[in-house]
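A, B and C label the chains in the order they appear, each numbered from 1.
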Amino acid sequence: MTATRIGLLAGAVVLLTVPLWVPGDYYVSVCSQILIYAIFALGVDVLIGYGGLVSLGHAGLFGIASYAVAYTLAAGVGHIAAVIVALVLALVGTALFAALSLRVTGIGFIMITLAIGELLWGLAYRWISVTNGDNGISVANRPAPFGISLNPPTHFYYATLVVFALSVFAAWVFIGSPLGASLKGTRDQPRRMNALGYHVWLVRFCACMFSGLLTAIAGILFIYYTQFISPQTLTLTASAEPVLMVISGGSGTLLGPIVGAALVEIVKNIASAYITRWNMLLGAIFVAIVIFMPEGLVPGSRRLVRALLKARAKAPAVAAAAEPNSGEPTP
Amino acid sequence: MNLWLLLAINSITFGGLLFLLSAGFSLIFGLMRIPNLTHGSMFMLGAYVGASMVMTFHLPFWIGAAIAALTVAVFGGLIERLLLRRLAGAEQAQVLVTLGISLIVADFCLMVWTGDPISVATPPGLVGGVRFVDLFFPTYRIAIILIACVIGALLWVLLDRTRLGAMIRAGVDDPQMARVVGIRVSRLFTIVFCLGAALAGFGGIMGAPILSVYPGLDNDMLPLALVVVILGGTGSLLGSLVGSFVIGFIYNYGQALFPELAYFVLFLPMVVVLVLRPQGLFGKQAP
Amino acid sequence: MTALAIHQLAKSFGGLHVTRGVDLEVAPGERRLIIGPNGAGKTTLFNLITGEIKPDAGSVALFGQELTRLPSRRRAHMGLSRTYQIITLFPKDTLLRNVTLSLLGLSHLRWNPLLRLDRQRSLIAQAEAALARVGLGHLAHRPLAETSYGERRRVEIAMALAQNPRVLLLDEPFAGLSVDERRDVKTLLFAIPRDVTIVMIEHDMDVALDFAERITVMHFGEIVVEGTRAEVVADPRTKEIYLGE
């Protein structure tokens, strides 16, 4: 318990002091980007890690929020209204998305979400009268809450950090809540949950909505971060990214998606300056993770540390202490 | 009138290419329960390898196409043997590894073939068209339609009339039972995966003279394969066939009639099918 | 009024009739034993009663309330709970969490996304009591994956009892247990108050005979014999089914 507290405190100190120790504005911006993608990945992890539902269409929902902000701002509406419109539209989109895709689970869910994501990409790409097609839409200005302009990278970073902290807290609350426990139950034993009195579909639907909310928040931050949106943000690759972050970092943990987001964004933005073939590097990292730490970096490292500690503690002790039988019952 | 006919021919041609792509995808998905997200990469890899054989090494088109299909089959076999094999049932790891590989393939293609699109010459002998009662039919497109039909027929014979096919069908219907009956499911998996990869690679080079070869071809094709399989039903050859042509038509007519909503129209039938019949038009009831 | 009334319940998978025209009436507070050889359709009958499988024909009623068309989850809320022959618990969670999930299933709390589940004292106290009732209070915080088979069987029973069912279906609660564990489970079952009606499937007649008041014998998806313990044991068809096997 105290180890968790120390970790949290250290993490908070590191995140709060980022502008002091990173070498320049560019890197501050990269950190903002990591946090935005961490929120996105957290949203996806709610479904993958806690609901057992791998979505490859979330960039579509992310894109709805981004486009909504860009479009309404271009139409001359204020920031607050734009953000509200974006949240509402993204949540309506999520509800439709969930209603269609939750008809199936497992690989079927992956395929349907992928197809819906492509549908949304197709709309962004071709519905030129609204989205301006490949040319995209620009956003002239970042908002200035309480009179503080978010245009300087450092200001934007701290604003993002606040939203990030709130998002992580919200995810923590959701996961530890009765509804979160129900969601985990539907992941492990959907039939049993039904027999126990749970409405499995509705529990999953609620999880989708929460996931959509986090995704929309990330999408809104993203449009203010880049101040530009194009169909590129909704491609299959863009949907795959948060999924890769979650699985590589460790699904079903709150820290995993954050670590995964940091990994991917660092390779993308920093390693790419030194290595031309950074996509290949990223692919190779994913394959290596699957081979060496199939459960993801965070749970994998935890397991390694525990094994090391055990080995150290066991060295003098008798090894006869019976290993608990961890064989799971066959379903 | 002529425009409509041209669109119809294009639709059938595109349907033929989609069939080559999705038949293997459907079998891999149906038999192995693997979401093979490298399938678009295999299509693209086949197109690039074939393009090199034909345009750079000046090999005859069909030999180039055969080499492309073989290369991709070997590549698929390696992925299956070295990686997917150990991930049976671990759906998340399968997604991670297949997406990882598709990133690697995309970057590899960019490195070797650069970012410029490569156009592949139509094989000599199939250039031009045939005139029939005032109507003009491009020969190469007709050839693709014929080849897709022949391959479809061969696959049907393979699945329906041979021992191997019977084993594959048994595996699709009930993998556990197939194992109990003593079918070597593991070898079957490799065969099916190689076959699916070869078909995708072959489809890639067959499509190259029409679609040309460019970075991003993989991500253009993968969703189409998915839609076909969702529409037709997984593990069903007939489903892939019908789904491919339906999507071929919708894709071409949609582009012509509703250019702004082309993709929306493309994915609409999938949504309708999902709502009315989640297992696909020709799929079996989900287990 | 009957606690559980089944009328002409039929189900076939493909061409195989797993249950055909089953009629069954269980009185409130009764202890009913269903026996029969493997493949007699006993577990399918349970799945039909709880709604995990949809019947082709026939009806199921709980205390006069028709529930044939209701989904499984609604039946749980109406007072129907069961245990499974093949254990389907939550292996990564502790025993306490397993039982808590069972309690939560019938509580309005289950929709709450804001509270912390591990601070719901009354719910957790109930779960602890349910575990103590089956003699597992001391293992409450152990992950299920690290418990023995016999302990898991008792967790199954604790989860079903925690829901305070009016009708409790037990699917082979003694299967795979040691002699000592059987005795414990038997004591546990005898201690269940009479306001719970119990229907139990059991393969092994010896263990279950003195528990049941009435016995139903199933064979090939049909009810062959039904009556008091003495009647069923004396019936030649019972012997035929069991000895002729």
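The rule is simple: contacts are C-beta pairs under 8 Å (C-beta built on N, C-alpha and C of every residue); 3 or more make two chains touch, one makes a residue touch a chain.
Keep in mind it's a predicted model, so treat the numbers as computed, not measured.
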Quick one: which chains contact subunit A and subunit C both?
none
Farthest chain from subunit C, going by the mean of C-alpha atoms per chain?
B
Separation of mean Cα positions, subunit C and subunit A [Å, integer]
41
How many angstrom lie between the centres of subunit B and subunit C, each centre taken as the mean Cα position?
49
Go ahead and note the Å separation of the Cα centroids belonging to subunit A and subunit B.
31
Note: in the complex, subunit B contacts subunit A through residues 29, 33-35, 37, 83, 87, 90-93, 95-97, 99-104, 106-108, 110-111, 219, 222-223, 226-227, 229-230, 259-264, 266-267, 270-271, 274-275, 278, 286
Subunit B-touching residues of subunit A, taken from the complex the two chains share
48, 54, 56, 100, 103-104, 106-108, 110-112, 114-116, 118-119, 121-123, 125-129, 235-237, 240, 243-244, 247-248, 251, 277, 279-280, 282-287, 289-291, 294
Complex contacts: residues of subunit C adjacent to subunit A:
50, 52, 71-73, 76-77, 82, 84, 86-93, 97, 100-102, 104-107, 109-118, 120, 145-146, 148, 152, 159, 163
Complex interface listing, subunit A residues touching subunit C:
173-174, 176-182, 184-185, 188-189, 191-200, 206, 210, 324-331
